[in-house]
Structure formats: C-alpha cells, structure tokens
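Here it is, the structure in full.
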C-alpha cells in the first residue's frame, strides 16, 4: 500500500537521523545567522555537528530585515560571497536580499554536512564534572501545547549557545550555578561599530564546553542590542567554529 | 552617523524593490513548494514575477515533513536535481532533507531572478473587465495586530493562487462572484497516486488571469487532501509557469 | 554515555512500534470507553489493532463521572467483572470508581495486546474504491501549536469511529461525500433506557470499512446525548469487536 | 424516573467517599508516578490514604514518555513486575509501554485500597502547632474558570508532596514560613545516575508532617531536572510509604 | 478537628439539597428578573421549585441598569412593593436602585421557599413521550474549564426557559426537533410599550412541559430586544407562575 | 476639596451633553472619514447632530494610510482645503498627511457644532411605524469586558450608517427585517475610478430614516472594497449631509 | 418619545447619585461580606457611606460556599438573624443558604441607607497630609477593555479596605510609602478558630484614615487564609463600623 | 494603471518622509498631551522634530476624559486658546471637549511643522559617549504580532520621553545603566495642585540628551499619579520645548 510506504520511509529516515545525532562533536542551539555560520564552517571542516532549532524555519532575525524592510546590510561581503549569496554595493555598504540570505545560509550549511533539526527545543543542559556536554530537548509542539511530557538528551563535546537575544543556554547554566558566570554589564548602547566589534571579540567559550556566538554574546556579557546588521553575526559564527576546531 | 546610514540604505533599497514590483507580469500568492517552483521557472524564463508570502519564512509545509518527521519524499528527483538539492534513493522513492529542500528551493528561486516579498498578505484581488489583474496587499503585522488600516495594490497580467489548502485567492473571487466558479466536489480521498496526478492535471487558469497550482488545485476543485509528498507540488508549479509562459 | 542510551532506547522502541502499526486489521480512533472495549475484545481475539488517542491520557469521559462526581453507574457488571474492575451493588445499579474504571479499562486493553498511540490525532481518512481503509494522522502538539505540518497515514481493513459526541471520522467522510450518509435525526431525548438500547442496536458498519461505536453512534444517527452511564458504551464496543471479527 | 435515580446514586456515592476521606492517615498531593507508588504501598499496608489530583487523569508525566516517544525506561523491573505491568529487556534496560504503565499503576493503587480524587487541587496546607496536618482543597474547574469561591479542608497525619517539578506543597509552606526550609541548591545537572540516586536518598520528611517524593524532591532541594526515566520515581514513592508506615 | 467538621457540614448540607431537588414540580433555568419572579410566586404558592443559574450570582441584567448607569425603571411598582423593594416616583415612572432590586428579588424568592442552585448550567433537556420533563445539568466550572465530563439530570413536571436573550432551552428543543416550533419573526423593533406588552402576552407554554418567560419570549418568537426596563419581565414571571399553578 | 470638584465638573458636564443629545435631528454611527464629513456639513448647516464612535479615537481608517504607509491620496483637494487640511500636488494626485487629515477632520467637525460621543457603540436600532428613528447604545468598555448589561436609546429623525466595511446599522435592520433590503451583489472589484464613483452615487436613504455613506455603501450594495483613497468618502459624507438637509 | 424618557430618567438618576456620593463620611472598597456588614451598620447609624464594587454583583466569596458546595457556616447566628437571613442549627454550627445570604446582606445594607456603586474600581488612593482621604476610581469595563482612560476621585473621611485576599487598598498605600506599614508575617496557617479570632482582633485603622476589615486584615498582617466560614467576616465588618462611628 | 499609481505615490511619499526624519534635532517619543505640546512649540520655533507614536491614533489619555466621561478640565485656558481649542468657563475651571482637544492638539502640531509617525514604537535608545542621541524603532504591527524582526534607528540631538505613566525611555536608560538615575520616590499622592506643579517643575533634562515631560516626569521621579487634568501636561510640554530651544 502506497501511503504507508511513504509513512514508513519518512519515519524510518527521521529516526535514523535523530538516532545518529544523539552523539555529536558539537550541538548548536539556534539556527539564526551566527548558529548557521558556525554550523557551515564546522560542517566544512568535517566536524560532526547538529543544530537544534525551535521553530519550523531557520534563519532567525534575517527574514525581516529592519522593521520589515527586508534588505540586509553587511560591511564585508566575503562570507556571503563564499556561500554564493548575492550582494550589491551601495556606498560603503553591501546589500543582500533577506530571503536569499536566510535561505542560502541554511542551504549551504546543510550542503556542508551539518544536520539541522527544527521543531526541537533545548529546555536544559547536561553538565558532568563541571563541563557542559549535552542538551536536553523536547518537541516544540509539545511545549507550545503545554503538555506534561518529559524531554530526552543529545550529547556534544561542545554546546554552542546561538539562541540570540535571550542567551537561553547561558541562562540554563546560570539557573543551575548562579555563580558560574559573573554578568559584566557593558557600557555600549546601540552603536554599530562598537557592537559589531564587541560581538566578535567576546565570541568564545564562557564555561567548560559552552561557547557563545552572535547575539547570545551580547546577552551573556550585557552588551547593547544591535540593530539590523549581520556582518558581526557571521564573523562571530565563523570564529566560534574555528575555536572549536582548534580544540578538537 | 552610522546607524541612520544603515537605516537609510535598508529603507531605500526596500522601497526601490517594492516600487519596482508594483507592476508585474505575474504575481504569485504564497511561497510554498508550488508557488516557489512556479517562481523559479518563471524567473529562469525571464518573466517579471513577484511572490507574496504572508509569513516571515518561505517554504510552507516543507519544513515539517510528516507530523514533524522532517524528511521529504518524491518519486522523481529531476526537479530537485536541477536545483542542486540532495536526494537519496530509498527503494522506489527519493528522500530529501526538509530543511535543505525548503531553503534550497527559495534560494534557487531568488537566484533565478524572481522577487519574494515576505510579511505581506493578499486580502483581495483586482478584477477589471472580468479579468483578474492584480492583488490587494496589506502588511502581515498590521492584520495580525488587528489594526484598522487600508491595503495597497500590485498589478499582474496573471495572478497565481499558490496559497495551498485554503485556496484563498480563489475564494476571494468566489466571494465577489459566487457563480464564477462551479465547485466540483471530487471523489478521490487520500490516495497518493490519484492525488499527485490530479493536482498536476488540473493545474491551470480557472478564470481569466487567475491560475491555481499545488494544494490550491485540490481546494478549488474539491479534491482530497494529500499527505506529505511533494513531487506533484513541484510539477504543478512547473506546469503553471509553462502555461503562463505560453500566453505571454 | 548513559543519557543518550536511554534516548536511543526510547526513540528506537517507539519507532519500531509506530512502524509496525502502519498497517493494521483495525484502526480505532478514540480511546474512550467504547473504543477501549472494542480494542480489548479485538486484542483478545488476536486481531491486529491500534487505537489512536488525541490526548495524553485515555479514558475519555470516564474520569469525571457526572459533573465531576466521579462515580460510575452500570446496570450490568459483567464486562467490568471480566476486566477485574471492582463494582458495588446499590439497589438495581452497580457503582464503580471512575479512576479505577478509566485506568483498568486501558490497562486490560493493553494487556490483551492492542496497541494504543496517544498524542496522535486523525485529521482525515483514506478512501479507496469507495471503501475506508486507513486514517491520516498528525501529532497533537503540532495541531495544538497551530504549526503548518503535513500528516502521515496508517492503513486498516476497518476503521472504527470511537471519537464520541463529535463523531469526527463520520464527519470526515461526510465532508468528502456529502451524500454518503443520510443523517436521520432521531426522536429520543435523554431517556436512559432508550438511549442505552439505541447505542447498542445501531453500532455497526455505516459505510464500507467504517464502523461507529459508543457516543459516535448517537452523533452519526442524530440520537440524543446520553448522561453518565457507561453500560451501553461497553456493550457497543464489544459488539463492534464481534462484528469486525466476523468479517475478518 | 430513571435518570434521577442515576443522578442520586452518583451524587450520593461521591459524597459518601469525599466525606469519608475528610480525615486520613495520609494525604498525597499529586497522582504522578511517585504519588501513585506511595499510595500503592500505603494502601497495601492498610493505611488510610487519599490522593488529590488536579487533572481529570492520573499518571502525570508517564503518558508522554520522552518528547512524545511514549516508551518508558526503568533499570530495575521489580516494582513494575509486582504490579503486573509488562516490561521487555533491552540491553541493560527494561522498556514498558507508557499507556500500560500509566494506567496499570493507578489501577493497582486503587485496588490496593487507596482513594484517588481527581479534579481537586490543593491551594494551601493546614499547619497547627508547627506541624502540617491537612490540605486546603478547591475544585479544578472553579480555579480554571477563575471563579471567586472558597476552599475546604481535608486532614491527614501526614501530607506528601508528590506534585513533581513545582513542589507546590513545599512552596505553600515556604510562603507561610520563609525560613522553615533552607533551599540547598545542589550541583548535579542532568546526569541520570546521580539524579536517580539523589531522588531516592533525599525522599523523606522535610518538615513535621510533610514528606517529599519524586520530582518534588528535586525541586525542594534544588537538584537537577531528570529526564524520562521512572525507576527513581517508583523507588522514591515506595520509600515515602515505608517511612510513613514506620511512624504510624 | 474543627476544619473538617465545617467541610463535612457544608458538603453534607449541599448534597441533601441537591438530592432533594433532583425531582421537582418546576425547574426554572436562569435566575434573572423573570426567572426569579416566577420562582417567587411559585414558592409562595407552595410549588416545589428550583432555579438553575450558571453564574455565581443571580439577578442577570438587573445589576448594570442601562450601559452601567445602574438605576432601574418600572412603570408599575406593585410587584416591587410586594417584595419590599424601594421605588421612587419620577414623573410617570418609578426608579429603583439596581443593587437593591437585584438582591431583594433573589432574597425574597429564597424566603418564599424556592431553591436556587448557582454554578450549574443546563446543557440539554429531557423529553419523554413528546413532553419536556427535566433538564440535563453540568457544573459551570467544568464547562468553562473545557473538561470532558458528563452531566446529570433533574426532573420537573414543568421546565421554564428564563435564560433571557439566547432562549437556550428553547434552542435545545429546536436542535432535537427542528420542526417543533415555528419561529415567527416579529415586526416590532425596540419600542418600549409594544415590547413590554408583547413579552407578557406571549409568556406561556410553547411545547408540552416547556414555558418561556422574560426575554426568552422575545428570542423564541423573534420579537425585538428591549432596553433597560424591567416591568414586563416581572409581570411575565408572575404570569408564568400563575399558568403553571393552574395546571398543577 | 479640589479633586472632587474636578470629578463633579467632568461628570456634570458629560451628563449635560449626553442628556441634551438623547434627541437629535441626525444620529451618525461611526466617526470615520464619511461620518465625520457628514457631521461637518450638517453642523455647518445648523442641524442638531451627534456622532457615535465605538473607539476612543475618531478617524477610522485614515490614520494608517495604506498598509501603514500613512500618506493619504485624494484626486480633488476641495473639501480638504475648506477644512484647512494641507495637501501637496503630486502629478494628478494630491497627498495629505494621515495624522493631520485624521485629526483636522474631527477638529473641524467639532468646531462646526456637531457632537461626537466616543466609547459608545450602537448595538441595535429603533424602528417605529416602519421608520428608523433612533439607535440603541451601550458603552464600549462594557461590551468589550463581556458584561451582561442592557443598553439605552437615542432618538434621531435620521440615522446614518457610517460604520464602514461592516455596514453594521444596515445589518441590524436586515436582522430584524430580512426582506427589507434586497442585497444586490455588484460586479465591480477593486477598480479605483468605478469604486469612488459608485460610493458617491449610491449614497442616500435605503430605508425610511436610514442613510448609508462611505464604505457602508459598498457593504450594503455588495460593491467591491476600495483601497486607500479617501476622496469618495468625503464626497459621500457631504452628499449624505445635503440629502438630509433637503428633507428636514 | 418613550425610550429617550427612560434613558433620561436613568442617566439623570445615576448622575445625581454619583455626584452626591463624591463626598462621603466613609468609602468602603469591596462589597464582600465584611464590606457589606460594615456598610450595613454604618448606614443604620446614619453615617454617609458608599461601597465601591468592581464586579456587577455584590457578595464576593459568599455565593460559592466551599468549592461550589454553596452552603454557609457560621458559629453565631446573631448578625444574620438581625438581617432576617434564615439559619438552621446543625450541631454546634449554623447553616445558611449561600444565595439567600449573599443577596440578603446587600439588600439589608441598601435598605439601611448605604449606597453601593458596582462596576467601579479603585485604582489608587488620595493621601493628603499623611492621611488617606479618598479613592481614585475608574470604570470596570474601561479597565477590563484595557483602554487608556484616566480616573476620577471620591473623598471620604475614612476609607475601608474590604477588598479581601489581595488587600488592594493597603497595597496602594505600600506602593506609595513602602515604609508606612511593617508587614508582620504571622504564624497561623488555616486553623479556623485562631483565624476567625485574629481577623476580628486586628480589624481597625492601620494608617490615618485607612481601616482594614475581613480578609484584607489577613492579607495586611500576613495571617493565614481562612476557609469558607463567614462569622469572623461579619463581626469584623461590624467592628469596623463601630470604630469609625466612635471617631466621627 | 490607476491603483498602482496610488500605491506608488503613497509608498514614495512615506519613504521620503521617514528618510528625511532619520536625522532630527528632536525625537519625541509619545504623542500624548505633553509630547504633542512640546512638538507644537518646537515646530513653531522651526526646530526639526518628529514624534514617534506606537498607536494608530495620537492624543493618549485625552480621548476618554475621566472614566469615560469625556470632558476635559484645565485651570488656565491660555495654551488651548492659542491652539483655537474651545473652552467654556465653569466656576474656577475651564472645560473642553475631549474629542476637540485630542484632535485639535495634533492638528495644530502638524500644522506647526512637526512630523508625527504613528504605528512606530521605540524599543531602545542610542547612547554614544554618555549622551542619548537617538532611538531604536520598530513597527507596532510587528511587535504586536510577536514577529522576530530587528529594528532601525533615528538620530536626534535630543530625545524627549513623553510616553506617560511608564516613562519607557527613561527605563531603557536604566536597564542599560542601572546607576545613571537615582529614583527618588516622592511623597505626594493624588493631590491635584501639588501634582500639577510638580510635573512642570521637574520637566527637563535628566540625562545628557534625554528630557522628560508630562506623566513621564511622575514616573521618573516617583511622583503620584494625577487624575484627569491636563493643564500641567500642556505646560510641561511647553517648558520642555523652551528648554531644548535654549540649548540648540
């Protein structure tokens, strides 16, 4: 019977994937610009990586540009060029189309070999011997439907918090170990140059096994919210990938 | 001042785009699998086309696979191959990764030259001299926030209803002209082969200037809901593009 | 690593179960009193049966008794006795504890070999050659979270509508084939004796491959809503099982 | 008239039950795995016990397994065997069916003589002379409907907090007596072995007349959230029953 | 123990009341002005009557006067005088205080011996041999909390629909027997004199065993909505009581 | 005491106003562009007029322009010039600022002597001898808060439906007298010229005492929804005022 | 015209009342058992008093008894007897009907001359020279509809917080003057005798011009929540009235 | 084609406006009475100013008067006279019509040359070198629809917090720099004279580049909430304009 063959193929394939990725070199939480870029470079380097994305779609804040004007600005088109995402020069800046950017980034990351699981969300982390080494996942639908259902675990030698503004993974750690991280409130408000630079500089491991990248850097260190520029996000993701690669 | 330069670049670029696409050869409503495929082939053929997508993200039902098991089944990998989306053979079927499929399809459509506007939704159509020749759009945020704000118009020699199950554009026509379309309730329930074939067969112009493609075909003709197979969607989109191309 | 072993065991086992039950002799939709009883007798007879339940918990309206006074009344304790559910005589009636009844019924059904999948819901049926032969399922969480995700299919030689008051499966058939079933509005209001008798009498196949049992009988035939008595439900479920058994 | 006889029998029986259980040896709040197991062993030992459950159904987090993959893992099948709940060996682990487990556990608890009141919730505790000796209850429907209605009381020589993650009863005590319990934030994250062991070890009386069991132990002592394993829950419930039994 | 004595007294007393009123001469659904007045005169005449009120409080639309200006106008103060509710003359009209009116009316009805059950709502009626002879009740909290729980029944030689604008009981009858009542759409819009007169004239038995009174008269006969005048409501309730009294 | 003096002055003044306007020459329902313009010209002509507006603010759809681009287009600036609202020529069109337009229109209407009551909404109409001669009003807050409170009445020799798309007043009439108005579904879709002309042409009395103006004309006659142009609205409002003036 | 005469009479009468009660001897916030009793005794003593009640109906928690079992228990029937509310002896306790109690209490309070304004709520207090001397009121509907509308003031030589569990008026004072009241967390949990006694003992003036009565006493002093007994509420209300009477 | 010409004109004009106002002398956040008055006087003085308003309509709390009694009280009619808004003397006070006041104030502000952008909201501020010099804006619809979309920036030499009770801009500063402003809780409750005087006195620059006006003054300095008087709001707005004018 045809329909059940299709059901069997889909369920079987998904199970094979999820089972294969129960153990990883790297678990990235969040498929926004920084998480995807980190996944892209890790995939290219042959590191076994999966990205956990709560929503149906990847791309995070890229889709909407600024206040819905969905064009994207970067100062340096290099990373986008590498991914074959079109940019147009406009004065000192480069403009990309938000939809092409959002989809091209995930498409290239997938083709680089990194697995992306959407509709799953991290609700906790696994810590052993003072080292983060996994994430506790549940299905988005179950959480949104407010059902009382337990989670399951995936292991990773490194976990990357790429959840953006809320820095959710960092906050899971803080809930468990309030003193693990001193929250250093920064000074800079929305000042593009400083913010872009700061995000890249502070990208890295803030606790054994846990890295922050992209807007999660801002949230973790109390930096200011940045506006609709994505250059720093991409560089931060690339840097996170390089740091991990060095350690593996 | 740096931040306002970025704001100016983004707003300026978006306005240029939206203004350029106030007049089109084809306006596709809905950026799911059929709408994107139609847009891809129209773009490739050099037809001036824009796709209107209500949500932030494109891809419609592709992301979630079947019940969240996000693998995708097609019987014929040809269209996906053309778009460089990876498929794996599994018996008689071909499996693709839902995230790669969803993002690759929009990415290729954009690179083929078709413009995609997300966060906009069609709330009515323009009909002149018994021919559909445009759509009435509003911002998604405004509608979701329930604000009392009027829409604006985009013109198109053809409008394509690729809204999926609800066949929203067809229903706008029916609301205006209850007798314009006889709703022929079909017989077929969820039977994969018949459904896939039926969708492709009935893809086409159902009113002067208005075509249906993908699941909108089912909704318009009362066919059964199909499950998580996407081959027919892609072929339907391709056929819609070819039909329009012939008429232009 | 311990946690991922557990994840692997759980996911692996569930996948084995769901894959095994993609093809069935009988698919029962709804794990209330009638659906569970049908499942119990089918399981005892060695018929391959699965029950699809939308909620986390089985038992339907049993848990709450009448208006929350959670005692259960039956006139004939025979079926409950067979399942080792305690009853106490009280005049002409027998009283059971709602919690013991609700849990004992599902427990015995499971031990009789019938599989119960909770957190799945039927959103359509499969009809081929004018015969119902399967159901289209989606995850409860996905529907409750209002996510745009396609369903998958399970096949069954018979499908049993045990969804209760709404008679959901019957209505899926009516939506597809408005003339398939003449809705004969009955006369009887809430009159216990007539209602209990009517439910059992009209239990059976109302379309090729589709049976109704329990409150779905009332909804399908326009009978009156019955109150908090469950004897007729159990007998109706038992009769449905016997009718199917005869045909297989 | 038949219908009112049924109404009379149901209301009369429920009132007899609720009135009988206004005074108890033990009041358990929460009918999840730990609460039910405690109730099972107390019932077996002939201790007058009632379980208060807010929802319609008992079983708590058992029904959904892990993220909806509803199979259950235990390391030691002994308690389940005693309750005649089927387990299958899988390597070092034992797998049970979530539905059979959830229903079998409550069914056996009821048959052991412990009363379960669903649709009631504890909104406060009774404390006299620095000893917890009862709970303040209201109807679930009334609270969910946000109606301004007062509660009533049930007395118990011991009250058991088996409310799970929120440790609601412990928090009622803390609200009244902020200094009554020092909250000792533990170190262990989601590490199965330590968590399972910790839950059992710390099960016991944390204030005169008040015991914690199951996930409430974690919440009360700041231990980590455990995943979808239920062995520790059952042992914790059994230990709570034994501790109470020793004191009575 | 003091608290449980109070619980016992309250639960015991309520059960005695609800059990006593399972069988009635008259069941009035709705404790607004017409229902209460009917109950008052039936109580005074020694007819065994209970009123079923969905909300916590009785009085319906009396409390808010007109658009929250809570003064009440009647043309004839006689009924209010009989109930010792203060009125002040103002030209041709009499003004009463809304709070005094709303509370005095229920207070006098109770003292006349009619029982009022609040927090219960009718969800269906009992019809036997083409005569309404009871109502199917559920707890308000359970319905508002959307819990799947069955109802129970109360019997009455007569049932009075005093539910106001929706005429809910009449609609239950229509749902069961679509042809039982011809809906005669009236002509009169909001014209005080005609409306007040019409309500009283058409008060009476519209089906064997079922009477309408107050605004339910308007809804049943398609009369216009009246404004904030209550004289007709009171007279309609009184007339309903007299008609029933004559038949008993 | 100062604060209560202010309270007294405000309550006293409002009561004087609302009492004065219980009887009117004209009651306009809706303070959007057409209703305000009608009110402006009626006020200028010395006709006693009040406008009933459901929301806190007047201006209806003017504020948001098109999809939030809040500029306003008119073809003929005459009416705006008369009201001293700034317009700028742009090709064949005139552009006004949405905020200046929305506020200037109400400001001029008030200064012309027409009273505007916001926070009140019409929930029905008064019809006597087959002539509309008033509206039934309630407080917006009461309706939004879903409180069971009766309305009050205002009288008018003419009532104007200026409620826009829903044509609410016309629908109140239809609910009462389904045959009073034949609903002539028009042909025109969104075609600016035809729509603007049609609105003005069909502005007028559609039932004794009831006029339609602005978008209510479209809704009443089944014309197409127009986009963000306001010239026809203003002319329609002016024409309604002239028609009434002729009849008084 | 008849309808507008009624509107005029209602609006005129309400305005006269609200204006008369802008200045009071006593403003009681909350029309539950304590507030109404205080109002009853103040009215009887000829003190100019108004009660502000947020809801449509008065009576607070009286209507629902305990968990919806709506019988009321008091130990001493004296106050109820004085108000001609029926009580029945049951052992050491007296039982009253919740509906008769709730309505009789407000009815007698009104007849004693105290004004009750429902649908108004206090959102702040007026403090001058370190003395509470008024309340800041808004319409319930406006607050529930979330409309941005300012309040107005009523003056009172004394303000009584009878808002029950939340002690809202006390909290308004604390928000303004965090140090004005030391919050003395009490020890007693739900222990009927102590609680009833404590409520009466601590009834009184806690800040110049501000008294607490009923459950507000518990909330203000951190006493335990009491269950469904109302004797202490009535005595507390009576005591508040006496204390004020002595000071005037 | 006519419709797209209109779309083009509207979009083009709006883009020109928003682009022109990316850089300003003054950015006022909030178009209530104080913000509009400040904008009016700045506009008159030729200062380049834009006002950012979250809602569709301007006017803030003016529309509803006190509790919906929509008359407005001022002590000194001077500013209103200057704007040609009608006032009537009533004893020592002046009464204005709320609708005329709300609309006239914005109308005059626009005509004075100050731009008002509605449907935009500030979600953050820009701070450089310890000076506020801009605001971070997003579309209201996007925020209300809960969409994940980034903001854009506007620059201003001064930013004025005219957001009213919440003092939102001040709170953005506090979130970034908790120590920047000492929150001096004031003493005054709702005492009209003191409050009106206090608002005007404390109007001014509280951080380099950031001024507070109107109710934001109260919120920033912990002053009491004022009632429905608007004289102080207008004077505060005027003073803010003068202070800025002196510094430019």
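A, B, C, D, E, F, G and H are the chain letters, set down in written order, and residue numbers restart from 1 in every chain.
Everything below uses one rule, namely that contacts are C-beta pairs under 8 Å (C-beta built on N, C-alpha and C of every residue); 3 or more make two chains touch, one makes a residue touch a chain.
The structure displayed is predicted, hence computed values, not measured ones.
J.: Provide the labels of all chains in contact with subunit C and in contact with subunit F.
T.: B, E
J.: Which chain is most remote from subunit F in terms of Cα centres?
T.: D
J.: At the interface of subunit B with subunit F, does the proportion of residue numbers present on both copies reach over half, so same, or stay under half, so different?
T.: different
J.: Centre to centre, using CA atoms, which chain is the farthest one from subunit E?
T.: A
J.: From the mean C-alpha coordinate of subunit B to that of subunit D, what's the distance rounded to whole Å?
T.: Each chain reduced to its C-alpha mean, subunit B and subunit D end up 52 Å apart.
J.: I'd like the Å distance between the centres of subunit D and subunit E, where a centre is the mean of that chain's Cα atoms.
T.: That gives a centre separation of 43 Å.
J.: Could you put a whole-Å number on the gap between the CA centroids of subunit B and subunit G?
T.: 61
J.: Spell out, as numbers or ranges, the residues of subunit A touching 2 or more other chains.
T.: 3, 6-7, 10-11, 15, 56, 63-66, 68-69, 119, 126, 134, 139, 141-142, 147-149, 152-153, 190-191, 227-228
J.: Could you please write down every pair of chains that are in touch?
T.: Contacting pairs: A-B, A-C, A-D, A-H, B-C, B-F, B-H, C-D, C-E, D-E, D-G, E-F, E-G, F-G, F-H, G-H.
J.: Within the complex, which stretch of subunit G touches subunit D?
T.: Interface residues on the subunit G side: 60-61, 63-69, 185, 187-191, 224-225, 227-228.
J.: Please name which positions on subunit B make contact with subunit A in the complex.
T.: 2-3, 5-7, 9-11, 13-15, 17, 55-59, 63-66, 68-73, 86, 90-91, 93, 95, 97-100, 102-107, 110-111, 116-119, 139, 141, 190-193, 227-229
J.: Can you name the residues of subunit B that touch subunit F in the complex?
T.: For subunit B paired with subunit F, touching residues are 120, 124-128, 134, 136-139, 142, 147-153, 176-178.
J.: Given the complex with subunit E, which residues does subunit D contribute to the contact?
T.: Per the stated touch rule, the residues are 1, 3-4, 6-8, 10-12, 15, 18-19, 22-23, 56, 119, 126, 134, 139-145, 147-149, 152-155.
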